[in-house]
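A single structure is presented below for examination.
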Amino acid sequence: MTGKERIARRIAREFHDGFYVNLGIGLPTMIAGYVPAGIDVMFQSENGMLGVGEPPTDECADPDLINAGKQPVTELPGCSFFASEESFAMIRGGHMDMSILGAMQVDEQGNLANWTIPGKMVKGMGGAMDLVAGARRVIVAMEHQTKDGASRILKECTLPLTGQSVVHDIVTELCWIRVTAEGLVLTEVVEGMNVAEVQARTEAKLLVSPDLCVMTVDALV
Amino acid sequence: MNKVVPTADDAVVDIAPGSTIMLGGFGLCGIPENLIAALVKRRITGLHTISNNMGVDGFGMGLMLEAGMIASHIGSYVGENRRLEALVLKGELDLTLIPQGTLAERIRAGGAGIPAFYVPTGLGTVVAEGKETRKIGDRTYVLEQALHADVALIKAWKGDRLGNLVYRKTARNFNPAMAAAAKVTIAEVEVLVEPGELDPDHIVTPGIYVNRIVVGAAYRKPIESKFIQSGGAL
Amino acid sequence: MTGKERIARRIAREFHDGFYVNLGIGLPTMIAGYVPAGIDVMFQSENGMLGVGEPPTDECADPDLINAGKQPVTELPGCSFFASEESFAMIRGGHMDMSILGAMQVDEQGNLANWTIPGKMVKGMGGAMDLVAGARRVIVAMEHQTKDGASRILKECTLPLTGQSVVHDIVTELCWIRVTAEGLVLTEVVEGMNVAEVQARTEAKLLVSPDLCVMTVDALV
Amino acid sequence: MNKVVPTADDAVVDIAPGSTIMLGGFGLCGIPENLIAALVKRRITGLHTISNNMGVDGFGMGLMLEAGMIASHIGSYVGENRRLEALVLKGELDLTLIPQGTLAERIRAGGAGIPAFYVPTGLGTVVAEGKETRKIGDRTYVLEQALHADVALIKAWKGDRLGNLVYRKTARNFNPAMAAAAKVTIAEVEVLVEPGELDPDHIVTPGIYVNRIVVGAAYRKPIESKFIQSGGAL
């Protein structure tokens, strides 16, 4: 199991039947593949769709039916389409149970940076700022460190923020971290790792939950 | 009442250089590709564009950029257009990036007679810099202003000669909000039907918002993720 | 021809092909019956319809298809239905070419009072305040005087306002009055009346247009 | 995911006295008549209602008023309800009248995460008294606040067990905006269909906004103008 798969599988276990969830581009999109059996989750795509299905075969791809990553998708029964201002009314209005997105940096205050590197990258924030400001629960799904081994979980973000104090949870291939008023609290660590090893890979100070446990990624049945 | 014009060229014939133009679409999905092509033929310059994206190199608004027609742009994501990135980093194009939901709501507000409104989005980030903030209840919000345009170029699936429009799947996106926010709204459709053929309960954009309607001569509708992978060779 | 019919016929002559118009309850509703041949006007009803047709026969009345006066109506080809917030986005956003409504009082500043009599009447303004604030041109259609012979066109409204400086034109069975920055300007008087006679029935000061003419009510063909 | 409840009684069983309740409908058109009837059976009091109108004597919300359930009301027009007029003039019910478009937009704002916004409506009238005004561009506007509710009772034409809804003709009115503005939204429909039967392009209220859905046991749907003429004898 790759680290990314572990992250996706673990987060999928958080879903409840009837959840409405927005998945960011990249790693978070993988989560849709691991929804536990018997759980109905409706995935939203902020370009104007609720009830996003799996990617189509190449022959069935419809240019009028894409997700926010501009990739072709399919319709689930009971899906619906709506305009952009409606889609973001839904997001901003607190109707999404969960928004799961990637990050470049997260910090001890739950600040998130995932949209720009000044002077280097001109892309735009897309819907990320709206999602983190509006969803009931914001989960960051990302690899614990950069390719160079630098920590992405910092005392304070150095890149321009996507949102201020918006992150509720951080999930990496190593651990689950809850963002609390007291700081970052380690609640789960993968088998074969211990708290000291996770802290060594993390710039931010990690508090340890009294209920710390091993991260389990199998679906609950 | 007949808002049909014969060709996309006729539809855009009087758009002036320096105009502010809204363009519907999300990525390459639901963009007014025939109207853009007609506008590119006219090569008018100094345009101020408002659109979620900026097409890609070689298609959609990317063609306007290549023709040097755009002076400034307001959008939420332009990551698929390498030419734009270069122009902006060189300081040759004035780019304003704003959150996608704020963009959509500012356009809606423009059409709805709401000059300004508060949102939680972007508080404590660069998008709130220089903007008024205000505590309402137990949260702090950012004041955002309505967006307006001289012209909106939009794309729908079907329409009638009164300008009533319906959209197909995720090709709806920014088109309905923009239809209401411009002085002149020009819609291109794939299919023109008779008034009464569209179920009045299904009409998304009532004709009151549409000044001109044209049937697009041809639709390429490339899928962006594949278009980019194949280097625009579709 | 009754006075009300004269008002309705005269205002109908103001319509251009392609106009979108909201007609208030009562007298203004009559105007729909006098639209000149060859002119397409789409009537809006603020409860959520564009393209309102004539009243149905009793047997054909549909409780799901009413106008803002709660009366059954019919559909014209090309009509559309929308929600209340959309309907008033349309009105507030300046998309209606004309709003025509009744009044209890209008004054020299173009102030309008038509929704309440303090201590006597608890009904509500409905959509009237939105219509006068949003339409491109607001025409008051009313009988020149009250049943008691009092002027409804005053120096200053005494009833609570529906809108401040919102009226563009006042049309009565006697005359057409334009509201200008200089004051109320009489532009048309019905045959058999003169300026002095109209002024005698009007509390507000009337200026006389250099182009004053006789009010003609036949449709232009 | 199944939001269907068997009866209107089940649907409203846990609505608490003193709740703020939005009720859809314009006049008697598109009102949740079965949910209202079920609520009236419960005789809970001290309710704060938000609805464009107040039914008529003998039908719709008029029944709630007669049962003494309503402590305060926000609406735009209550002219057809003589009982209400009497209660208000006697000071026994707290009535707030606001412009219909402002009411609709305040409800939409409540659902859309917009705490406040500016409108031109009502400037210089009693509805602007005590409210902040502000010059934006060359016009002065009034600041209006979002409306929220504990419960929304709405009526649609067809719905599925996921809560997706479509409306019929002018019975749409305030229902979609209210669906999004309450903590719990309960929808009654005339027809329950399977998920997938409603064309996804035609769905007006996506299921995300609906917590419970019930098929109304019977629909009277009186036409108000006739109902009143005939003295409620329909």
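We call the chains A, B, C and D, going by the order they appear; numbering starts again at 1 in every chain.
As a convention for this text, a contact is a pair of C-beta atoms (placed from the backbone, for glycine too) under 8 Å apart; a residue touches a chain by one contact, two chains touch by 3 or more.
Only a predicted model underlies this, so the values are computations on that prediction, with no experimental measurement involved.
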A-B or A-D - the one linked by more C-beta pairs in contact: A-B
CA centroid of chain A to CA centroid of chain D, Å: 36
Where chain C and chain D are represented by their mean Cα positions, the distance between them in whole Å: 29
Rounded Å distance, chain A centre to chain C centre (Cα mean): 55
Where chain A touches two or more other chains, by residue: 75, 81-82, 88-89, 91-92, 133-134
Of all residues in chain B, the ones touching two or more other chains: 105, 108, 112-114, 119-120, 167-169, 172, 200-201
Those chain pairs that satisfy the touch definition: A-B, A-D, B-C, B-D, C-D
Residues of chain D defined as touching chain B within the complex: 105, 109, 112-120, 136-137, 139, 141, 145, 166-169, 172, 199-202
Chain D - residues contacting chain A, complex: 1, 108, 110-114, 160, 162, 164, 180, 194-196, 200-201, 203, 206-209
Contacting residues of chain B [partner chain A, same complex]: 26-30, 52, 75-80, 84-85, 88-89, 95, 97-105, 107-108, 119-127, 157, 167-177, 204, 221-226
Of all residues in chain A, those that touch chain B in their complex: 45-49, 61-72, 75, 81-85, 87-89, 91-92, 111, 119, 121-130, 133-134, 160-165
Chain C residues touching chain B - in the complex, by the definition given at the top: 17-18, 20, 40, 42, 44, 50-51, 75, 77-82, 88-96, 133-134
